[in-house]
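In the two complexes that follow, chain A is the common piece, with chain B as its partner first and chain C second.
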Partner chain A sequence: MLINKRLILAHFWLAFIVFGAALVLGAWQMFERSPLNVWHFNPEFYYRSVTAHGTVMGYVFPTLVAMGFGYAISEAALERPLVGRRWAWAGIALVAIGSVVAMIPVSLGLASVLYTFYPPMIGNAFYYIGVVLVVVGSWIWVALMSINLAVWKRDNRDKPVPLAMFANVAGSYLWGWTAVGAALELIFQIIPTALGLTTTIDAGLARVFFSWTLHAIVYFWLIPTYIAYYTIFPRAIGGRLYSDAMGRVAFIMFVVVAMPIGVHHLFADPQVGAGFKFMQSVFTGLVALPTLLTVFTICASAEIASRLRGGRGAFGWIGALPWKNPIMLATALSLVMLGFGGAGGLINMSYQLNTSIHNTQWITGHFHLIFGGAIVIMYFAIAYDLWPHLTGRTLDSYGMMRTQLWLWFIGMIVTTFPWHYVGILGMPRRMAFYDYANPAIAPQAFSVVISAFGGLILLTSGILFLIVLIRGQFAPRGEAGAYSFAIPLHMPARIPVALNSFGLWLALMIGLTIVNYGYPIGQLMAVKNTSVPAVYVGASR
Partner chain B sequence: MTSETDHSPGAHGLGEAVAARIERRWATLSIVIIGVLVGLAAFFGIYHTTMPQGRVETADPTTLHLSGEFVESNLGSVLEVDGSVTVRAIGQQYSFTPQCLVVPAETPITIRATSADVVHGFLIEGTNINTMLVPGYVSDLPISFKAPGEHMMPCQEFCGIGHQGMWGKVKVVDQTTFRNMAASKRRLTCVD
Partner chain C sequence: MSEDELYSPRNPWFSISVGVTAAIAVLSAIVGLIWLPLLQPNLKLAGIWDAICSAAGVPNLPRPAAAVPPAFKTSNVVVTPEMLTRQDQVSIGRGATLAQRCAICHGPQGVSDANSPNLAGQYAAVTYKELNDFKTGARVNVVMSPFAANMADQDMRDVALYYAYLPRVPSSQVNPNLPAPAIVVTGAPMRNIPPCGSCHGEIDIKAGSPWLGGQSAVYIKAQLQAFASGTRRNDISEQMRNIARQMTAEEIDQVARYYEAQP
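Up next, the complex of A and B:
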């Protein structure tokens, strides 16, 4: 039962509009830095564009999807109207205002510091303040999710929390805590410097704070996708979820081990010692576990659906799956990209292999494949699945949806595979252009051109996606029925308390973060003379 | 699941047990895979001593040019008495000093580098030599080259609007050539 449809639709529309804008910037960047661009622009435009692209795609777009989907899950899974509707509107208003406040200095070229901030470079204060407002807006959602769960639990003692809501609340806690790292960096280090209250900043410490956010934010982006795997996919293809309990275990593992691993982004940094780098490398290995479990459960759920439809044989059942169903197609393509991206991730987590590709185009390829590919294609699927329920109108341009999903998949492969390859050749990331006439760089030119075409395919797919949604808004009215989630094959008679509540897991989440980050942060705060002069960027300085 | 499925509770319980058993096997296999991967990284880290730098060293970027090991006259490659080579370098917007490093092949080399302003990166193409230069801290990295040759050395971290122009070079020469060069000059570079 979806009550606050306008609230949820507002989140999705705002998310997809900013996504479309950032996608245009991304496609332009792919062209700008390729050999196809014979007349160079001012390189500053490139960094301005990367800052906007990263800020929107990293902070605004997935946050809005998680918030809107979260409200939908809360109402549909708990079967009651959202508590705190006004607060929810305040939350999205803050996200919108924060985005505008951040994007004004970025578009004026006053904050071309990229979305990862990179102190001691310091841009206009309003850029950082805007980002903080976006995060504060999303924290309202975090609070609302846990309040709604608590209200439901009060009236439904001894009942298992529906898996969709359990996962949704897990994701909100994960985000609430992981955003703290960047918030500390912004509030105590960067914003005072940007406002001119201090003129020096400890760049090493700032990088440690940021790594706390930077890795786990990916799991925050991932949670809506995993919720769709577990609770939408089996239902949409007419099957059952193989295991409800394993889903809970996977989401709990993300909450517990997603945070204390961010230092693997700092393997090559001089301000963190070897011990904690190793420790966090081990934890990074652990976080692959929930994904391995999920892949099994989802494939097994697909097999159940296929055999219910008459699929036979050890592999023959794959052909009997409902491939014309967009949710089926999106999930399959998503899992393929997750497989490639995950394999790359296992390479990045090892200190030794990481040195070959650290900060090369390999990394850009890696996270575009995981986030832009495996994760975002399921955001499309979520929108397609929810749209008829939100608009009260039919959404039946299935052929267009399938084309859109295939284009996204092909575009992502064409973009990211050459990106990985030039990374292995040593091509550094985040450069406005390259001297392709240099014989040492010339062999990379062809791959970069291919990548640029991939960017165009992705842009085409993004436009098609928006067309499908707009058509859905003007389609004839149709009753979509109650919104429901997948039913497990075997509903456990009783769910252990540990798999139905968060107390223990939140304690572990905070405890492990403090153990793994406490020492590196404490050490850097204790070491004297590590603050360095801020380097202000921006035309007007 | 066929149409003859027995709906008695016993069969349901049996199906559930089978499902749980398969799931447990997969979970065990997953744990083993991850254990092996982490174990491999740990083993090679210790066996080949491929580990990140052990301790945190600091250097004040505001006085780098005045005193200490990163004054300009001390930058470049130096042949140590034990036959190893130490290379000292700094990164600044938007170049390295020295802009061209010269080192011998088949020789243990220690890179010591830092930044004079913002965060830079230090990547030697065609090798796995890759580290960050964070202002305030010293990066210390043991490296070696198998054969003579030339490598590009880009800054791999966004360091401002001139980042795309920050490319250095590494020239690897054979041991004899390097010794001859070191006989006449205390700090070596290949900046022409």
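Up next, the complex of A and C:
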């Protein structure tokens, strides 16, 4: 039951339009850094472009997808109209206004600080204010998801919360808490410096605050993908979800351990003690568990669907899966990329192995494979699945969808595998120019050229994706029926209260944050004379 | 399904999840804050509390000890980007008169082929600092030290402004087609050498760094060798000594020849 279709569609369209624009920038950046570029652009344009690409792809695009999908889940799973419709429109308006406010100084070259801010570099204040507006807009969504769940619970005291809504609210709480780190950094450190109220900044403390946000934000991006695995995929291929409880446990584990682990991004930073780096490394290892649970459950769900379709044998059932179904294809390709990306992630989180790839192109390859690959391909699947329900028109260009998904997968592999490789060779990230004539880095040139072609394949796939959606918007009208989620193999009549509520898990999340971050942050705030002069980007010299 | 049952040690969901989370936290804290630091012989820890403080990142501030004064004189000039950048006609005129006695080595127009530095067009702050260092003894030279010994502070400022006012004259060795050596353009990061051009021009100019274009190769080479051996030590914070010590003899030759050929 989707009622506020315009609201949801507005989120998805805005998300995919900004995604398309940022994708063009991404492909240009791949080319600019490669030996194919013989014109030698002003390097400043590169940093401008990376800042815009990162800000859009990291903050605006996934936030809008999570918000739009979240509203859709709330209405479809709880089977009631969204409470707070006007607030939801205010939320998307804030995101849109914030994006424009942030992008103007970036386009003018006044805020080429990259989306991770990197103090003591300080850009134009409006860039940061725009990002804050985007986050505030998303916090409205966090509040609305919580309120809608509470309203539903009040009327349905003895019913289990539908898995899709449970996961959706888990994702919103995770985002609400994890955004606090960057918000503290922006509001108390960066914006005062950007406005000229202070001229120095404690870069070490700012980096610790940002690490609070930086890792769990990936899990916030990931939650819509996992919701699609659990609640769209089994239904779309004509099967059942293997276990409803396993899904709840996975999302709960993300809430508890996804956030207090961000210091593994600071393994090379001197301002955090080695002991806390080790502790957060341990908890980072734990966050692999919900993913392993998910992979198991989803493969089991696929097997159920296949055997219902007549699949036989220990492995023969794989061939009997409905491979022509775009959701089937997207999920399989997503899991493959998740596997490679996850394996790379285990290397990043290991305190010792990290030193060999820290700050190299390996990292860029890693997060593009996980986010751009495994996560975003499921955003495509979510859009394909929801579109007929949102537009009231048929979406049947299946061949084009499959081509698009395959191109995205191939493009992402072709882009990120050479990236990982040159990272091992020691190629640093965040650089506009490499002198490939230098014998020391000449052997990396070939791999960089390959990954630049990967960028072009991704751009082609992105254009194809937008064409499919636009065609869907003008297709003949067709009734898609009520939007539904996958049914578990065994629908539990009763669910333990722990798997149906968030209080305990939020308490554990905050408790672990205090244990893992309390001392490093407190100490950095207490120690005097740790600030350094701000480096104003784009200021005249 | 009431909430009351959840927050009770009798509810296994509560006891197991809180217990396991706390156990992992405590175990990882013991390993990370106590056991692993104690295994590191180079940390030289006094005990468990010392290990915890070390691993938690408590700043280990050195005890304030009495500063050991160096056995030699150090430069007392504080160079700022604005220093001696204002043209002052009276000062330049006085400097022109005072510079008569410098002409025998540095040339009547501030340029000579005597392998002494060419001063025409040199930044005033640079000339002033060197004169001052000769006067205080931070830099020693048998010829220059007696000249500087009797100069008043205003004299040194005037001479410096005069030479800064003179136009640069290309040296007789100028060759703009000579490729820049790697050490000038990229430095040698593995040896902690920044690019020469990041202070001395082409990439950036830092206050107090001399313009090197057209200087005698013999002079540049002699100064780099003096920095490397420690016989010249008036560079602030040892920046040039640290760089020159890490340079190879070949790089010193390349740099000297390259800068001599620059306009």
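One rule holds for everything that comes next: the second predicted complex is superposed on the first by the 538 of 541 C-alpha atoms of A that agree within 3 Å, B and C clash if a C-alpha of one lies under 4 Å from a C-alpha of the other, contacts with A are read in each partner's own complex, and residues count from 1 in each chain.
The rule is simple: contacts are C-beta pairs under 8 Å (C-beta built on N, C-alpha and C of every residue); 3 or more make two chains touch, one makes a residue touch a chain.
No experiment lies behind these values; they were computed from the predicted model shown.
Placing chain B and chain C on a common chain A by superposition gives a clash between them. When the shared chain is aligned, chain B and chain C each come close enough to touch A:A274. Which of chain B and chain C touches more residues of chain A: that partner is B.
Contact with both chain B and chain C is seen for A:V527 once the two complexes are overlaid on the shared chain.
In the superposition on chain A, contact of A:R494 is made with chain C only, not with chain B.
Contacts of A:Y519 after superposition: chain C is touched, whereas chain B is not reached. After overlaying the two complexes on the shared chain, residue contacts for A:V282 are found with chain B and with chain C alike. In the superposed pair of complexes, A:A320 makes contact with neither chain B nor chain C.
Of the two partner chains, neither chain B nor chain C is touched by A:V449. In the superposition on chain A, contact of A:R430 is made with chain B only, not with chain C. Legend: residue contacts after superposition of the two complexes on their common chain; A:D158 is shown touching chain C, with no touch to chain B. Clashing C-alpha atoms with chain C appear in just one stretch of chain B from the list 4-12, 94-102 or 130-138: 94-102. Once the two complexes are overlaid on chain A, the chain A residues touched by chain B in the first and by chain C in the second are 271-274, 277-278, 282, 286, 523, 527. Across the interface of their complex, chain A is touched by residues 1, 12, 15-16, 19-20, 22-23, 26-27, 30-31, 33-34, 37-38, 40-42, 44-45, 48, 50-58, 60-62, 93, 114, 117-119, 121, 123-126, 128-140, 150, 152, 154-164, 167 of chain B. Looking at the complex, you find that chain A touches chain C at residues 157-158, 256, 271-279, 282-283, 286, 494-501, 503-505, 508, 511-512, 515-516, 519-520, 523, 527.
Those residues of chain C that touch chain A in the shared complex are 1-3, 5-7, 11, 13-14, 17-18, 21, 24-25, 28-29, 31-33, 36-37, 52, 54-59. Residues 43-44, 47, 112, 114, 118, 120-121, 202-204, 207, 242-243, 246, 266-274, 277-278, 281-282, 285-286, 288-289, 292-293, 296-297, 300, 304, 307-308, 346, 349-352, 355-356, 358-360, 425-426, 428-435, 438, 440-441, 489-490, 523-524, 527, 529-533, 535, 537 of chain A touch chain B in their complex.
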